[in-house]
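As structure tokens, the structure follows; a few thoughts come after it.
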Amino acid sequence: MARTPKPIRSDIAWSTSDRITVRGKSLPDEILGHINLGDMAFLQLTGRMPTPQQSAVFNAVVITLVEHGITPSAIAARMTYAGAPESLQAAVAAGLCGLGTVFVGSMEGAARLLYEIMPEEADADLDAVARETVARYRAEKRILPGFGHPIHKPVDPRTPRLFAIAAENGMAGRYVDLIQRIHAEAERASGKPLTLNATGALGALCCEFGFPWRIVRGFGVMARAIGLVGHILEEAENPMAIEIWQRIEDEASSHMRPA
Amino acid sequence: MARTPKPIRSDIAWSTSDRITVRGKSLPDEILGHINLGDMAFLQLTGRMPTPQQSAVFNAVVITLVEHGITPSAIAARMTYAGAPESLQAAVAAGLCGLGTVFVGSMEGAARLLYEIMPEEADADLDAVARETVARYRAEKRILPGFGHPIHKPVDPRTPRLFAIAAENGMAGRYVDLIQRIHAEAERASGKPLTLNATGALGALCCEFGFPWRIVRGFGVMARAIGLVGHILEEAENPMAIEIWQRIEDEASSHMRPA
Amino acid sequence: MARTPKPIRSDIAWSTSDRITVRGKSLPDEILGHINLGDMAFLQLTGRMPTPQQSAVFNAVVITLVEHGITPSAIAARMTYAGAPESLQAAVAAGLCGLGTVFVGSMEGAARLLYEIMPEEADADLDAVARETVARYRAEKRILPGFGHPIHKPVDPRTPRLFAIAAENGMAGRYVDLIQRIHAEAERASGKPLTLNATGALGALCCEFGFPWRIVRGFGVMARAIGLVGHILEEAENPMAIEIWQRIEDEASSHMRPA
Amino acid sequence: MARTPKPIRSDIAWSTSDRITVRGKSLPDEILGHINLGDMAFLQLTGRMPTPQQSAVFNAVVITLVEHGITPSAIAARMTYAGAPESLQAAVAAGLCGLGTVFVGSMEGAARLLYEIMPEEADADLDAVARETVARYRAEKRILPGFGHPIHKPVDPRTPRLFAIAAENGMAGRYVDLIQRIHAEAERASGKPLTLNATGALGALCCEFGFPWRIVRGFGVMARAIGLVGHILEEAENPMAIEIWQRIEDEASSHMRPA
């Protein structure tokens, strides 16, 4: 019983001997020298060139996620590079593997929540939506994705700046509005300041673009790939991985090792 | 015998409750909304803002490497996503793991070769260097890194465009000059057309920037991370991985399976 | 405001100049030459040497997961090896990245379900538990983890063999009993044959051992690492990755490429 | 110009509805319950069942590489798990990515060297080979792969045990002989004790089996996959990753952060 093969098709790019086309545009003639790297990412994902306003906001979204200091992801990449300096790509890969639910997931979660609760009607009462959402999360003792931060209190300095860039470019729409109402309502309900963090702001901006929530994590992944190359370059010139290893190995097993 | 710990230090970024600084610049105030993603990559790697000319050439360098169609790297990422759609980051990581000596290595190799053979004297005879290099590689029956291409013959359409962008921005210097002389000499010596491919052109441009050859592969890695997110988004919407798997599994084991 | 460091501690292994101890046993004197690789895995994970019965069952559990033909995971590993043959470890890593919810998750899901529904009382009515569970999954239109198989119908040949090995070694206890009752009830309720697949059987055996459900996926990961090394060795000697790439690239973009 | 597809073929495994065959043996009937995990690895790689002697030595080879305490690889895996606990497979993958030239490469290097210098004639003067090899490495100021160790001085306790297991099983042949002669000659030439480390011993044993040197790294990879699952289980129960991160982040950026 032979199976009938299904067609295999991609709409991203094609090449012939003298042409390379990405998303319908000539890479040499219409892309190289005409757009910046953030625009290229936008084109690669959406199949469209960004407007100047979309370019400004999208570049800011991805740039926000490039660098966060010596994160667990950066440590994993540096440890990997120490063992396999000939495989820089594997060191970046190792660093990316940890961009899961704990650190980048809240951006995805914020986008998903906003899509789920946004009413279809243009004149819906967003304050009522915010109240209902905050009450529900409080009743279920769940953390609102995109809120809270261990360091940036009471304000994450990236958040107002991202919203300002969105407003300057006509992209601070209903999703930005809604997450700000959720923020106000959450502070009112708890009686305490609560940080609307960068992942919450970024999640809202991703909704303004209409990106599927499942791909939102991908912006963090592409941005961090850039950041990790920077960490690996620094590790090559001024290493810390071996010193971290020796300190930790020493401390972790000292209770077992004979005196 | 206790060891003395060595200091651990990074010069990339720091944060306090209300500040985030990358390479000495305020992320909210001096970076977001002011530069594009390619410039951010340049800043992250070099610690300096690019000049407008550097920005133009560097963005073109990285953009060249974002997308190449259904490569082995894209297939690996799509296969991984099919098994673990909840871990988009791991699918990108899997795709990056294969950016090694076979596909991206020639860019690194071209940069390394150019650094090795470039004379220190400003008025050196680059034609003599090119002749000596081509003769040596021919004698050792080695392939010149950055030359040849299975599809793009006799001209890789990216190469002249990259050199034109470099020239427009005053960055077509000695390394671009040298690789072009090597190209001419290699064609003369063999009597056949030989493609100076994009990785050769990119390697030369990396030398113009002065990037260490060990980090050159990193530009391919960061670019491809962007490209792979695009492939995973397409895979989520219009999958091919399961179909590839079933076809290959079926064919590969048909000689063993009882009729 | 300096933070107080918390202790860092591992209980797995320690070394001095002339000793290497893993889980309290001398690696040279008490482990090497005394146990097999499956027992070593058991020791590494539990801190205890397996009994002969545990050794028999645990080795069978892990062996079941080593090899499954040309899976998406094997294809990802082979594609990666084609691009970076100098980084065999990265090819295995790429292959492992896809062992997520789709292919290996059902083993974890089966173990988790069995732990959740198993009553504490030794004389509980397991048939009633099975009926309630099947009814609940049917009402919620959810698939029972560990059941169904695209190829192995109506019986997965691994399942009866795994249960027989468990029974021979006194390890076919309440969890094996319960999943078999769920199997019978599910077939009765639907009126159709339903495969109790290997991941269901393995999930039940993991419960017999008392392994936390979160680590169950780890047995699939360690087993597949072994299998993938085999695939990479074959790829090195008789490659298929480049041929797959060329076929897929060609077909996927043919609708865009000019005739 | 259509290309002619080349055949795609694997000789490892096949399945039908009621059969699963690996390397020509029925997985349920001839493998499960009959062999241990090390033997399964041997079968997967070679296509043959090991003799009892091969089983004893091969299991010891792989077991040696399972666990080494808090290595850079274990730290990378734990960091990754902290960020993506839902992707255990990605944490193992991240840990494997660093098993490159620095830590595991010397096993591969030892095997490669031994294959290269072993004379074809059965009665060759191995002492002369050892002398010539040591002299060449000393003249080129290169480190002999498999020699030296930062902790295990003057004897790596695994080395004599591995050779003893090989001897007990009739597998301490010419390669073991040759590396021991190299060891004696290297100590004689330098006048100082030099450790013949475990990777040297393992490299020699891999040559006794006749494994291609390119796959030798794979034994380290499969073994470490087992070890890393143990580290991740411990990390889940008694974490250290977040504490490491906070300490390192704090120290690394303290010179930049305002007081």
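Each chain carries a letter (A, B, C and D) given by its place in the written order, and its residues are counted from 1.
The working rule: a residue touches a chain if its C-beta (ideal position, glycine included) is under 8 Å from a C-beta of that chain, and two chains touch if they have at least 3 such contacts.
Predicted model, so just to flag it, every value in this text is computed and none were measured.
The chain with its Cα centre farthest from the Cα centre of chain D is A. Of the two chain pairs examined here, A-D and A-C, the one linked by more C-beta pairs in contact is A-D. Centre-to-centre spacing of chain A and chain D amounts to 37 Å, using the average Cα coordinate of each chain. Chain A and chain C, compared by their mean Cα positions, are separated by 31 Å. Within chain D, the positions touching two or more other chains are listed as 8-11, 13-16, 69-70, 84-87, 89-90, 93-94, 97-100, 104, 240, 244, 248, 252-253. Contact residues on chain B toward chain D in their complex (touch as defined above): 7-11, 13-16, 21, 84, 86-87, 89-90, 93-94, 97, 248, 251-253, 255-258. Contact residues on chain A toward chain B in their complex (touch as defined above): 3, 5-6, 8-20, 22, 27-29, 31-33, 35-41, 44-45, 55-56, 59-60, 62-64, 66-70, 85, 87-90, 92-94, 96-100, 104, 151-153, 155, 157-158, 160-162, 164-165, 168, 212, 214-215, 217-223, 225-227, 229-234, 236, 238, 240, 243-244, 246-247, 250. Looking at the complex, you find that chain C touches chain B at residues 69-73, 75-77, 79-87, 90-91, 93-95, 97-104, 240-242, 244-245, 248-249, 252-253.
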